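Scrolling down, you'll hit the structures one after another.
Two complexes follow with chain A in common, the first pairing it with chain B and the second with chain C.
Presenting the complex of A and B:
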């Protein structure tokens, strides 16, 4: 039974919307305006400049004289981040959620995997750095023990060939727990009888996984993909504290470029332009998210 | 019908091996933090013998060069109001959305969903100037207002999902007894929503505590730094003292870890609960 009083609606929602209007919507509009401001009126100068920027520390796209190791430009790095991190963390999360059904102490495993979501991202970045440290890190020691001599036996984060990929691997460690938890929760709503019936019919584990589990989990997979892409686009703390985009821009990302324009170059127009580019990219998964929410509300 | 089979054993072994690998970074950092760094560099942190000490923690907490204790205090000053304010206001807004109609209600709700995807980078430049004009830059109040506003969208969405499932009969019975909407909301609905409010609080608290970007932009002097800034500051430009850095890292993650340890159910519901229907 819906109550119909506009007064009440306003009373309950207005305090929240006043704060949102002042501290969220006004600055969003402000950023749009600042991004178009130029010395003589309004124009696309800031956008043109940030996109055509050629210094590897700030470039969004830097793909001349390929093939060569990174830097390839901050925006390209974000895309590579998605291209590697998204499939790895989704697949690993899915397979683990499925396997955990037949593992003893699965709730402990889940708690451990979820740790990456609990630690502040700034500490996450430090943990990643710790794992790759030349003297006390596990990875270089392990590869040295296996007889490697080159970069892999040293600090992975200080070489352009490895820095970006080492960070992405660390991001898999940080984020997979989220996907796993989403999938494990969704898997609980798949009736065991469906799976048991398939087993009696002689289906093997792979068939059950690919024909029953994955299709049933489709809504959860979509949400996990959206959240992962959003996270990959917004990545900042990890990079700031572990490599600061280095060496020579080889692990730079969009959010860090935005910060560099703001805090180091004091160029607010270009900083805002990078923000807008980043926000436009997040709008793609954002709109997809809204469509999914609406679908689930109707269905 | 559980059978012990080779594949079953193998699955257990593989998954548990993976879990051990997953726990390694945190365990390793803990080990480094309770040992003298000079020893760790030589023998590695994985050796079971050697000295154990809390010196790293003492130095990080009390040495004026790091002053983590101050950072801890600052983090609490920022985080507690930044949790309470948006939880209350968002619960009210969610109640408004779920119980009353309004001409542009759908668009207002759509705005919330859109805001949830907006990156922080999209608001900080104008906010920096707004706070400066209002003399709120480098103040806790300024940061609290921003964190509170930033949390409103997702908490409203989260609480809205919860209110949709609350049985209306209790409220209707109270209406028959002559209770007004305000009484119903503040005495009945809020009390019935405790689990959801707790979930949202745990996540908002963790989120604000863990935030680095807003703090980096709006808290400028080292005496105002929150823990995440403090720990990034220990890192230093060239030389890394992992003893101090690991102690600082452990202290920074300690509060969210404790919340997670004691309120795991609420934590997980808050973080992934709304992604799953129901």
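Presenting the complex of A and C:
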């Protein structure tokens, strides 16, 4: 690139660098500093206290009731969230995108599915609350009609055994639309010739899907996985509106713990420590993503 | 490739320079702000000194029998006021604003609704930056006002709020360092179990006079066709369950127990407290006399529709039903105190209209209370200057019933302790309501996490 072009390039990107420095990098540095600030200067106090916290409302890992029903601790809840939500929403998105690819009017179905992503998550949380309401909620009513009389026919969000799983199920509904859209767009780029060739060679539908389509969707799957994991780690609004992490801390998550330290305990040091832990956790899938992208670039 | 590499290095170098420049600029700004803050603090100190002198002078003038007229701003001022009320409750508060604007035509009020929870999230950050979203802020969380005062964000209002003019203990909640940081507004009460008079008459039910009669009443109600549970449990983030629990604690442990639990002179694991939970409250939950928690406003509708017979709620329920003359309440037999909660107004240090804010604060702490309690807000005054005659009729009967029974008013337990223990308390009680067998674990958690018990 000639020097003159370089100059133009730097000139036009400079505002972005300045804005990123002021509004992204500086607050991150500030948060890191606050997380290490203690009454006696700097230290790891906030991290130690946050990690060893025993309140069911703020514990990252709640050991007292293990291995009994929830709460298990906010961080464990986030991992459970990933373990259930990630495969379900990826699989549903992938299968639906594949099945709907050649169906007439599929765009209407896709639009309906995408509604979950369009509504603000606060509204999504409210919808989830109504979804599980004992009197008007679709799930309890359905189970009541089927003759169930236990927890399943009641409000799922008020029982510690069901609250977390009910929220995860609600999140699957809200998030699947995103994965469906990603996979539907990626499917457009899969050449039909490869599928036709496989059909001529006698491959059945499952073989075509698993051996021809899925491998070609790998970049899209990586994006969907990384976005879903990040979303699961920073989940907040749905929990805040639906259960506020309860009952008894059974549906608590990391972001809510951060909020509780910040807005309730007014303890900014510990809130910053939780946010740093959360950021470090999100770095793991982030680094993996960058490595995968680099690998595919080299390949 | 090499030119791209060079370009990348240049970009990184440039971004680092930008970062350093911005950090240096921020550091410079901070030092300037620090110096400015010191000057402002000195000025504020002088102003406070002057104000207290003026206050003392006003008091002397008052003593001479010539009350000093409240000065009015010369120019039109718009005051931003934040309060917790929305919907009908906001309508009732707007009457207070209207009357104030009539009296002080140069001050216009812009009212915004913000829940206490949201304020706790927004205000500390705004205050830290030397900003305020409002000139007067009203919140039921006295602990929050004190906490903000401790950080130096709140105006001292000791000169304008006379403690002896208010009902006992109300001002004490907003006192710290010998000064008063908030002005009490009106008070709600959580007096007992509300019922529809028509429902009780139809089914031949009577208010219970003893604990056995209360249990018998619940049993009788449970057998009425169409009744889901005798008592409906409201829920939101869990506060309605805490009100019921406090009522049981006060009834069987006496009013002093409420204070002892607040200060942790008694713990939740104390045998006396444990007995109240295990012998009185938990058996009723296990028997299915309480409904499972449901959103508290929809619980009002279901209770009104006759799906439930009793509802433990605050006095504001009177303003939320179609016919307030059809409702009445009874406390648990033998209860000697009722929980009362007050909304407090405070002035942030960073207001630009301090003079007008003081006028408004003084108004709502005194005459404004009379306006508020005369409507269906479901409140009673905390200022002794308000005549009982002006109180809205349904509330007057509540007031008289409490007076007849010689019941004291005690502060709300979780509102007073505050902080994140409050949400823990609510959440643990939500757990207790659906898993009453967890009572030991709940009481242990509440004790371990209580800030006063931690020391």
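The definition used in the following text is that the second predicted complex is superposed on the first by the 278 of 299 C-alpha atoms of A that agree within 3 Å, B and C clash if a C-alpha of one lies under 4 Å from a C-alpha of the other, contacts with A are read in each partner's own complex, and residues count from 1 in each chain.
We take it that contacts are C-beta pairs under 8 Å (C-beta built on N, C-alpha and C of every residue); 3 or more make two chains touch, one makes a residue touch a chain.
Quick caveat, the model's predicted, so the values are computed rather than measured.
Colleague: Overlay done on chain A, so just call it for chain B and chain C: clash or fit.
Modeller: Once both complexes are aligned on chain A, chain B and chain C clash.
Colleague: Contacts for A:215 in the overlay, against chain B (first) and chain C (second): which applies, first, second, both or neither?
Modeller: neither
Colleague: Please indicate which partner A:20 is in contact with in the superposed arrangement: first for chain B, second for chain C, both, or neither.
Modeller: The answer is both, since A:20 touches chain B and chain C.
Colleague: Name the contact category of A:6: first (chain B only), second (chain C only), both, or neither.
Modeller: both
Colleague: If you stack the two complexes on chain A, which partner ends up touching A:58: first (chain B), second (chain C), both, or neither?
Modeller: Only chain C; A:58 stays clear of chain B.
Colleague: Looking at A:150, would you say it contacts chain B, chain C, both, or neither? Reply first, second, both or neither.
Modeller: Touch partners of A:150: none, neither chain B nor chain C.
Colleague: Does chain C touch more residues of chain A than chain B does, or is it the other way round?
Modeller: Counted on chain A, the partner with more touching residues turns out to be B.
Colleague: In the superposed arrangement, which partner chain does A:262 touch: chain B (first), chain C (second), both, or neither?
Modeller: both
Colleague: For A:87, using the defined touch cut-off, is the partner it touches chain B, chain C, both, or neither? Pick first, second, both or neither.
Modeller: neither
Colleague: For A:43, select first, second, both or neither according to whether it touches chain B, chain C, the two together, or no partner.
Modeller: neither
Colleague: If we overlay the two complexes on their shared chain A, which of chain B and chain C does A:191 touch? Say first, second, both or neither.
Modeller: In the superposition, A:191 contacts neither chain B nor chain C.
Colleague: Can you check which stretch of chain B gets into chain C in the overlay, out of 22-30, 40-48, 130-138 or 202-210?
Modeller: 130-138
Colleague: Of all the chain A residues, which ones make contact with chain B and with chain C?
Modeller: In chain A, positions 1, 6, 9-10, 13, 17, 20, 22, 25-26, 133, 135, 259, 262 sit in both the chain B and chain C interfaces.
Colleague: Please name which positions on chain A make contact with chain B in the complex.
Modeller: Listed in rising order, the residues are 1-6, 8-13, 15-17, 19-20, 22-31, 34, 96, 99-100, 102-106, 108-109, 111-123, 126-128, 130-131, 133, 135-136, 138, 141, 173, 177-178, 181-182, 185-186, 189, 196, 205, 219-220, 223-224, 227, 230, 233-234, 236-237, 240-241, 254-255, 258-259, 262, 268, 271-272, 274-276, 278-279, 282-283, 285-286, 289-290, 293, 296.
Colleague: Spell out the part of chain B that touches chain A in their complex, as residue ranges.
Modeller: 1-2, 7-8, 11-12, 14-16, 18-19, 22-26, 28-29, 32, 40-41, 44-45, 86, 89-90, 92-93, 95-97, 99-103, 105, 108, 110-111, 113-130, 145-146, 148-150, 152-153, 156, 168, 172, 181, 185, 206, 209-210, 212-213, 216-217, 228, 231-232, 235, 240, 242, 245-246, 249, 252-253, 256-257, 260, 264, 267-268, 271-273, 275-278
Colleague: Can you name the residues of chain A that touch chain C in the complex?
Modeller: Those residues of chain A that touch chain C are 1, 6, 9-10, 13-14, 17-18, 20-22, 25-26, 54-58, 64-65, 133-135, 154-155, 158-160, 244-250, 259-266.
Colleague: Which residues, counting only chain C, touch chain A once they are in their complex?
Modeller: 3-4, 6-7, 10-11, 14-15, 18-19, 22-23, 26, 117, 120-121, 124, 147, 235, 237-238, 292-294, 419-420, 422-424, 426-428, 430-431, 433-435, 438, 441-442, 445, 448-449
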